[in-house]
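First subunit A sits with subunit B, and in the next complex the same chain sits with subunit C.
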Partner chain A sequence: MKVPLHLAKEKEAQAIGFPPVAEAEHQMRLLAEIDDYRKSARSLMVMLETCTKCGACAEACHSYLGTQDFNNIPAARADLFRKIYKRYFTFTGKNLSRFIGAEDFDAETIGKWVTYFYQCNECRRCAVFCPFGIDTAEITIAARHILTRLGVMPRFMAGIAANMAKTGNNMGIPKPAILDSAEFMEDEMREETGLEIKITVDKPGSDILYIPSSADFFSNIDTMIGAAKMFHALEVNWTIPSTVLEAANFGLLFNLDVMKEQNERLREAAASLGAKLVIQGECGHGWRAAKMYTEGATGPAPFELVHVLEYAYQHLPKFKLNKLPWRVTLHDPCNYARAGDIIEQPRAIIKACVTDFVEMTPNRERNYCCGGGSGLLMDEMMEIRMQLGKKKAEQVKELGHLDYLASPCSICKAQLPHVMKHYGMGDLKMGGVMDLLGKALVWD
Partner chain B sequence: MLYFIGQVLPYIAAGVFLIGVTYRVVGWLKVPVPFQLTLFPAPRDGVGRISAVGIELLFFKSLFKNDKILWLWAWSLHIALAMVIGGHVVGIYYLMNQFTLIGMTPAASQTMSAVLGTSAGLVLMVALMVLFYRRISIPEVKRLSDPADYVDLLFLLSIVITGNHMRLPTVHVHLPAIKAYLGGLFTLTPVPIPTDWVFVVHFTLVNLFLIYFPFSKMIHFAGYLVNRAMLVEAAPVYPTPAGTPLRSPFAGTVPKPTAPAGYPAGTKGV
Partner chain C sequence: MADYIEAKGQKIEIDEDGFLVNPDDWNEEVVKIFAKVEEVEDLGEDHWKVINYLRDYYKQFGIAPMVRKLCKDTGFSLKQIYDMFPSGPAKGACKLAGLPKPTGCV
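Up next is the complex of A and B:
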């Protein structure tokens, strides 16, 4: 099987609970899994059966526009699934397979699924432009979930799931290192402001549980610092749980059983530390997984759940801010604009923090994905990732000189520096929105 | 043969159509929606949700902001189709005098009905031809298309062309006889089918199309509504209000199965 990414080895897949199925059993198991999925999620059948192949999605998809690969047209991508689905689960497909474009499962099926369902960023932009609102991300989520149950998944995803199970965060950071990093950030803030701004971990009896992205403890510390400064300015009682030092939930991106485990973990952390309010940090799909999937995956949740940008937006009038003299644009993470209802909040915050805010075109729910969405951050996919980021690079280039590109999502933050460098904008400064708030806050 | 077409086929067609469409839609609806698939920015209340889906339905808003040319033809097609279907109901029932109900003279109503019906029929025909041409002329769309996609359009086109044929000034169709026949079908009191060959062909094609309908992509009319309903669902609220039922068995505490139920463990592949 030739695919553009490294697949998890048998032991790695086994380690996270998905022992690979023998190749001879692939077809039988795949069909059993499809049958299981179609009976548990309405979206799969409806979206597979409603497409009229009008092709309107082609020009809406950055993946197709960037790669010019036919199978990256959303309707064609979904068709990789649809052809098999029709052949084995519909009356016409069983009897008139050629006529309705059904296809037998063959030796190439699994490879094609891996190749193309991992070139979809699950960004939902096709759903905005499809006349029926068909959301190819739903088909991609189903396909990846099913592949994982066959033991077929990117090595990258398996590694993250293993880290998650071991440490409660994607990067595999143990608690002592978390404390070290928190102390380092406290020192930084003391040096800059002269204030004792705390980043407390696992403090019982906290009112607020803050769930950062684990990357905010290493590569994106300005985002974490921004959040810590905000909580300090508001004088609230908050803490970070070492058991879920991770807003991200890669389960949504490759297997819903794994997602459910992490939804559980969040619920347990909130219960054990007694927090009534959970605030999710800057992570796109993590926000979607928490907001849109917690109830569906683990049942009624007893805590309030808010995104850090929504929280900052609600308290915006309370902050004393000194506007930075910067020209800044905002990249809307897909999982905020289309999947998470965070659209105007980051704009309001940025406008309060900098002198010159410019919109890229298109923006809000019509914005293009960064090309790293749905966890496509594998090094071996770099060439494809750059193609997926092409539309984003064009949008940013059109704006001329910029001082800062705000992209309040850890995956965007990991992907965009590569994209900007690749398309000749390596000097552009990038980071989150909380970073700006942290820098603009002034202290008496 | 005429007896079969006139007195048997319509009931088979209606049966297959109604049962088939119901079967498919119920098949979707009995599957749970385990997670909210709200597409933002989303309407905030019931009125907003109904109007959002309604505006989409009436104006094809998503398509309009995406592809204006495809929108023009797809929208014209569906509007003309709605007019044609509505026109058949009232035009035949009132023998084209339906506009007297809004105060027109019978002569004016006849003209109005003929003009509207003919124009809608022509728009429908042209739109179908343009969409067929689009399907074969845009390489990506051509590659996406299955044989059934062409057949769907040609099938509809054959119905529309035979229908439009009856509008030709040289063709005289006796409308009262058609009304009497169709009335007989609805009231289960058989009246012989008019022997006008164009009518018989048109009518037969419509019946065959109704039989084809539930097995084809024509089901998109229902999929549209079921799909849109998922996209405008209210987002979850936290803390979850007391008494909210579990959305699906997935939310229960069932441990992760290694294989779906019904999958025979250890069997050899096919």
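Up next is the complex of A and C:
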């Protein structure tokens, strides 16, 4: 099977609980998994049965526009699933398959699914333009979940799931390293402000649990520093749980069983530290996974859940800010603008922090994905990733000179520097929105 | 389908990204081989300062340090690190130091 990414090897798939199914059994297992999935997701069946192939999605999809590959048209991508569904689960498909576009499972099916469901960024832009509201992301989520159940998944995802199981975070950062990094960031803030701004870890009796992205403890340090400064300015009692140093939840992106485990970790961390308010850091899909599925996965949650940008927005009038003399634009992470209701808050925060905020076009719920969405950050996919990022690069280029591109999501933060460099904008500074708040805050 | 490099007469396993599968297999010969792959030129004292720092940190904490901490503790700016290791601290530098590839949103 030739696919554009590295698949997990047998022992890697096995290590996270998905031993590969023998190829001879692929068809049987795939159909059994589809049957199982459709019982709990009628929305999937509606989406599989209502597409009229009107073509509205083609021009809406940056994946198709960037790659010009027919199978990356959302309706065509979904058809890879739809044809199998029709063939084996509908009356006409079982009896008259060749007349209704149904297709037999064959030796190519699994390879095609891997190839094209891992070129969908699950950005949901097609759903905004589809007259029926068909959301290809839902079909992609189902396909990837089912593939994983067969033991077929990117090596990248399997590695992250192994780290999540071991440490509760994607990067696999153990607690001593978390403490060391927190101390380093405290030193940095002391040098800059002269203040004792704390980043406490696992402090019992905390009112607020802050869930950063683990990348904030590696490359996106200013996002973490921005949040710490904000909490210091508000004088609140907060901590970070070492067991869930991760706003992301890659389970949503390749297997829903894995997603539930991370939802459960979040719940346990809040319970053990006594927090009543959980604040999710800058992470797009993780916000969707936490907001939309925590209670579905684990039952009623004994805490309130908000996003750090909602929280910062709520408290904006309380901050003493000195505007940075920068021209800044905002890249709307797909899962905020099309799946998580975080649209105006980052704009209000940025406008309070810089002198010149400029919108890219289109924006908000019509914004294009960075091209890394749904965890397509594999090095071996770099060429495709650059094609997926083409629309974004064009949007940014149209704005002329910029001092900063704000993209409050760790996947975007990992993808965009490659995209900007590839399309000749390698000097552009990038980072989160909390980074700006941290830099604009002034102290008495 | 395992890949190997040959260093000091021994076959050493690497993964699909070209990183060592087992960090204990690391030796100076490995660094020289990886330097070619990662387009590191004139491997010298400064490179070794970064490599040794990464290895020491990894030994103590089981993970690569924060990028800014690496810069601060070695005294190199991020730009200097990129000049030395064109594929960056997470890829080039960690690979030469024999660390596993930093994964997640990086």
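Criterion: the second predicted complex is superposed on the first by the 444 of 444 C-alpha atoms of A that agree within 3 Å, B and C clash if a C-alpha of one lies under 4 Å from a C-alpha of the other, contacts with A are read in each partner's own complex, and residues count from 1 in each chain.
The criterion applied here is as follows: contacts are C-beta pairs under 8 Å (C-beta built on N, C-alpha and C of every residue); 3 or more make two chains touch, one makes a residue touch a chain.
Since the model is a prediction, treat every value here as computed from it, not as a measurement.
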{"item": "Combined model on subunit A where subunit B meets subunit C, clash or fit", "value": "fit"}
{"item": "Per-residue touch tally on subunit A - higher for subunit B or for subunit C", "value": "B"}
{"item": "Partner chain in contact with A:Lys291 - subunit B first, subunit C second, else both or neither", "value": "first"}
{"item": "Which superposed partner A:Ala32 touches (first subunit B, second subunit C, both, neither)", "value": "first"}
{"item": "First, second, both or neither for A:Gly274, with subunit B first and subunit C second", "value": "neither"}
{"item": "Contacts of A:Gly111 with subunit B and subunit C, given as first, second, both or neither", "value": "neither"}
{"item": "Which of subunit B and subunit C A:Gly426 touches, first, second, both or neither", "value": "neither"}
{"item": "Three-chain overlay, vertex subunit A: subunit B-subunit C angle, C-alpha, nearest 10 degrees", "value": "150"}
{"item": "Subunit B versus subunit C - smallest C-alpha distance in the overlay, whole Å", "value": "24"}
{"item": "Residues of subunit A that touch subunit C when the two form their complex", "value": "6, 155-156, 159-160, 163, 169-174, 176-177, 180-181, 184, 188, 213-215, 217-219, 221, 248, 283, 377, 379-380, 410-411, 413-414"}
{"item": "Partner subunit A, residues of subunit B touching it in the complex", "value": "24, 27-29, 31-42, 56, 60, 62-63, 65-67, 70, 74, 138, 140-141, 143-149, 151, 215-217, 219-220, 223-224, 226-228, 230-231, 235-236, 238-240, 242, 244, 246-252, 256, 258-263, 267-270"}
{"item": "Touch list for subunit C against partner subunit A, complex", "value": "16-17, 60-69, 72, 90-91, 102-106"}
{"item": "Sites on subunit A touched by subunit B in the complex", "value": "17, 19, 22-29, 32-33, 35-36, 38-43, 45-47, 49-56, 58-60, 70, 73, 75-76, 79, 91-92, 98-101, 124, 127-135, 138, 149, 256-257, 260-261, 278, 291-305, 337-341, 343, 364-365"}
